[in-house]
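In this document, chain identifiers A, B, C and D correspond to the written order of the chains, with residue numbering beginning at 1 in each.
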Amino acid sequence: MDDFLVSLVSIAFHGAAYGMVLYVISVGLSVTMGLMGFANLAHGVFAMAGGYVMISAMSSLGLPYPVALLVAFIAIAVVSLVLEMLLYSRLYGAGELDQVLFTIGLIFISVALARLAYGTLQQPVMLPDYLRGQFSMLGRDFPAFRVFLIAVSAVIVAGLWFGVERTSWGAMLRAAVDNRGMAQSVGINTRRLFMVTFAAGSGLAGLGGALGAEIIAIQPIYPFANLAYFLIVVSVGGMGTLRGPFVAALLIGITDTACKYWLPEFGAFLIYATTVGILLWRPAGLFGRTN
Amino acid sequence: MKSIRTLLTLLMAGAIGLFHAQAFAQTIKIGVINTYSGPNASLGDIMDKGMKLYMKQNEKRLPPGVKIELVIRDDGGANPDKAKQLAQELIVRDKVQILTGLIWTPNAAAIAPLATEAKLPVVIMNAGTSSITTMSPYFARVSFTLWQSSFPTGTWAAKKYKRAYIAVSDFGPGIDAENAFEKAFRDGGGEIVGKVRIPLANPDFVPFIQRAKDAKPEVLFAFIPAGPQATQIMKAYNDLGLAKSGVKFIGPGDLTPDDELPNMGDAPLGVYTVHHYSAASTRPANKSFIAAWKKEYGEKSTPSFMSVGAWDGMDAIYQLIIDQKGKIDGDQSMISLRGYKNANSPRGPISIDPLTRDIVQNEYLREVRKVGGKLANVEIETVATAIKDPWKEINKK
Amino acid sequence: MGNLHAGGYSANAALRWQESLPWLVAIAAFFLLPEFLNLGARILIFILFALSLDLIVGYAGIVTLGHAAFFGLGAYTAGILSARAGINDPLIQLVASGVTAGLLGVVTGAIILRTRGLALMMLTLAIGSICLEVANKASSLTGGADGLAGITIAPVLGQFRFDLYGKTSYLYCLAILFVCWWFVRRLVYSPFGASLAGIRENNLRMHAIGAPVYLRMLAVYAISAALAGFAGALLTQTSQFVGLNVVSFELSGEMLVMLILGGVGRIYGAFAGPAVYMIAQDQLAKQFPEYWYLGIGSLLVIVVLFAKGGVLGLVDRMVSRIGKGRRS
Amino acid sequence: MTIALETRNLRKQFGALTVADGIDFRLERGARHALIGPNGAGKTTFINLLTGGLRSNSGGIFLNGEEVTRLSQRARIRRGLGRTFQINTLFRSLTALDNVALAVAERRGVAWNLIGRANRHADVVSESRDLLTSLGLAQDADTRVSDLAYGKQRLVEIAIALGMKPSVLLLDEPAAGVPTMESRRILEVLDSLPQDLAILIIEHDMDLVFRFARQITVLSRGALLAEGTPDEISADHRVREVYLGERDV
């Protein structure tokens, strides 16, 4: 019984760390899809780029880890803003198929560029000493880095919720997700709202990619290899909400970890089966609005 | 219509390129199927360097007038169907006379029927599942088998530990490693307290290793393909503090490949592995090999066992060319390969078993230590001398 | 109406002379390029795969990210029949592959076609991933990550042995493709095909005119799955090996890309796409894998932004421009 | 006169909100009947209840004397219930002919033919062409509907419904968004429809309603408010109250 409890704690802990990273990466995608109705399969590109930016900032510029994380966030937000203005905005309202292809194209390009710039090797992350080793809690050892990960993600989540629930920008955002036409007619500048939201969401993905580089390895095929997971978080959680993807990401993180722990022979099977089940039960996701 | 014209033009261009290539009849064409893209492209790179280094060093060994041309193809990883297609094209279009490379077991398995049909000698530079050489009489292997390294690991471990946990990648070589270690460890009186097969495409090892830790073994035996995954699993081992809770980490040398060590931090210090090659070995042949490597590719670059597989593979190929004086025949080549011996490989004495066409070599126990501020696989003892593939020995009638 | 093969009641279904071109090229290639027949056979197989995908993406409007599931099941059915059951006749395998893939199409279609949009796309992805996991884990049957080896294929009709140079493979694939193409073409021009266009154009209205929309979609999904299953079987038979990659997400994605580059919803886009893509890949990608993906990616972005309709769309526009030039 | 469509005590609630409050309604064969009411009166809900898009909580719906309350949307359509949509619901990139032919083919049961050629189904093609001709769209048969003028698109909207040869036709604001000039054309078309067809029209354009309808039903807050001839309705003070009250505020 004690062993069982021990393993439960392990699974909850590692699952939470993984789920938090998934959430920070995917939440932007959820909002983009809900707000602009845009299926951005290339969202993982931002996460990967965030990882690379952090690694370069540390190894080439010698910046300390926390600063490098911040740089990743800002750099990706800025780059995505440019992309939004130049490319993405042309495709709002285009067909699903066009969006899928366009974003797959972006993935191909980014995979190739990443390989040219960094080679195919997985990039090692040089964590500062204070994040290495173990952290003792309740008589058990936890990897310090993952504790840090959960803590930082929790802060981001809190900040995000505050931003959306308590600020005027958040109110506009919620109004626009709810009914874009209505929001426009009451004088909200939806074009600017899109840009800011897109940049913030992508920046978060970059930050998530950088934070999670130890869990989801930064390598050129990153956007492809993890696409299914990001999309599952969004579609299971429901688009255009903050809460949905959060629950979904934790659910997936913990299920995935539990499967690997207890039922490794099933692999990712249960994750996908759960996804199928949930989407059949609620096609718009757990917290999505059926339209 | 335009598209069809373009298509025809492209087809023609291809055909012309082909005639062009046939003009150099004196040249021996060697097809290389290797991995240059995908997550494991680093493996292809380090093998490629091994081959080219050998060719540069040994240009003069070839019979007069004979030239070698490598026809290099990228399989993009464990991609059997692609490998088969590439092999087919190499044989039919490029008319290669020898085929080599082959990092991945599935890829090697996929081309076996082709090799047999075309009577094409294939020198396997890496793929390590025991059964591969039984798949075609035109296969010869210069690399290793997982049984070769994991079986002695089990024998050695059983003398020191009683409880072991096994974690391997879920594909041919991993299952070989598991079976070999388990048999040797059990035969030596040890107990397996648990085992897990990890999917080959896997982003995060932590849950698997946590499970291993919770099973409280004395020793954790692991095999994953040498490459980025080795670093990943080492990180998980370190993050979860297995060393601190007294779990030893051991495995075949794929766990601590020489070229990945610099990415691993201090995590692998004290990890024991058994393998046929370490870049840190002090054999004279290896010292000169390392020196040549560093001179060619820079101080920072380190060869791995895969580079040596490629280097020795080229040596075997040169030998068969020399034996036949530049006129390559499939069956003659195999006779030459069956008798291949090199007392002075960077990894020590090696030969090819005439019966099984598989590699015979020494296996060394190594510990990861700091040498001159850098991690290295330091060879401690030779745990098996001139060992043949144990799987084939056990399964012999 | 730029779209040549939209079908419908006002469409002229008679064969046009241009439609013989792919077949003439294919036959010419057989005689002129004997060393490229293996590549040729693969192109033909992927054309068949693209054709099956075009049926549901282009004609029924279902965007799928998991079509490789059916291709893979077809490939594994043929492989398992040979390697595990000793049934080596290619035509029997082909039929069996089509049937199993079609059945999987019915079962999974019955589940996923209740949804639309993003949920549908996710479900195709999830089901594709489940198939990959099953293929990976059922290694006693499929060989898992090592792939399924030990496949022998008997001569076609007891006469034509599969040879190293791919002559038999090529002609065999060409024959099967021809039959499937004929069927697809008839389908597109049939009342059923017209009703698919209706579903794609306006699902709600199809319901309102009393069409059994769900059953129609299910039917075309199953037909498409069966065709993909045929293509999978052909791949197994010509390569005598099945690897996990036949069920992979990457294959689904790459196929979609080939189809779109060719031009979606127009039958011959499925011919042009894989042919151009694979020949270009054969010539260019070996030397420069990085630049290859850079090129393909850029091309995709350009096609979506500026060249709707892919290669054939461009051809259409050029032809109509030339036509206009002549007239004026 | 026979009754084509009837509802008895039809009731629908969304939680606490009652959107159909025991509606008793009759549509006679050959009727030219209009359903009017202020925004939010429950007109579209009523239509959706009739077609089966929504399920009623209680009450019954009868189509040509047969109870269809529990039948699916599709089953009701097959029993002769046709409708058009307030917002164009067309097959936009198909020709006008194909738009109509799809409906005709469904009715004739040929749409499951997988192999035969669509254009060889002469019965379907000629019927569709005739239908378009009767609506004055003969010239436009082979034009993509998205390329047609809006007024003509509204006509195709009706033509599709007629392709089903319904016995009851529900027209949901057929002239919505159409400029006055063209709405006259729509009225002409409506006048020319077969005499035995029962038509229920929902419309905001009161001109059109009063010119077309022989019978008017007024709906307010999910309940029947008044029913009668145009003259009766225009004289009804309750109707004026509801309308004027709503409109002037």
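By definition in this document, a contact is a pair of C-beta atoms (placed from the backbone, for glycine too) under 8 Å apart; a residue touches a chain by one contact, two chains touch by 3 or more.
Just so it is clear, the model here is predicted, and its values are computed rather than measured.
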item: Chain whose mean Cα position lies farthest from chain A; value: D
item: Centre-most chain, if every chain is reduced to its averaged C-alpha atoms; value: C
item: Selected pair, greater C-beta contact count between A-B and B-C; value: B-C
item: Inter-chain centre distance, chain A versus chain B - centres from mean C-alpha coordinates, in Å; value: 37
item: Chain A and chain D, separation of their C-alpha mean positions in angstrom; value: 48
item: Computed distance of Cα centres, chain C from chain A, in Å; value: 33
item: Residue numbers of chain C (touch at least two other chains); value: 136, 290
item: Residues of chain A whose C-beta touches two or more other chains; value: 115, 265, 267-268
item: Chain D: positions in contact with at least two other chains; value: none
item: Listing of all chain pairs that touch each other, if any do; value: A-B, A-C, B-C, C-D
item: Contact set on chain C toward chain A in their complex; value: 57, 63, 65, 111, 114-119, 121-123, 125-127, 129-130, 133-134, 136-137, 249-250, 253, 256-257, 260, 264, 290-294, 296-301, 303-305, 308
item: Contact footprint of chain C on chain D as seen in their complex; value: 51, 73-74, 77-78, 83, 85, 89-95, 97-98, 101-103, 105-107, 110-121, 124-125, 128, 141-142, 144, 160-161, 163-164
item: Complex interface listing, chain A residues touching chain C; value: 33, 39, 87, 90-91, 94, 96-98, 100-102, 104-113, 115-116, 224, 227-228, 231-232, 235, 239, 265-269, 272-273, 275-276, 279-280, 283-285
item: In the complex with chain D, residue positions of chain C that touch it; value: 1, 6-13, 183, 186-187, 189-195, 197-198, 201-202, 204-212, 216
item: Touching residues (chain side chain B, partner chain A) in the complex; value: 37-42, 45, 196-199, 201, 203-204, 206-208, 210-211, 214, 228, 231-232, 235, 238-241, 244-245, 263-265
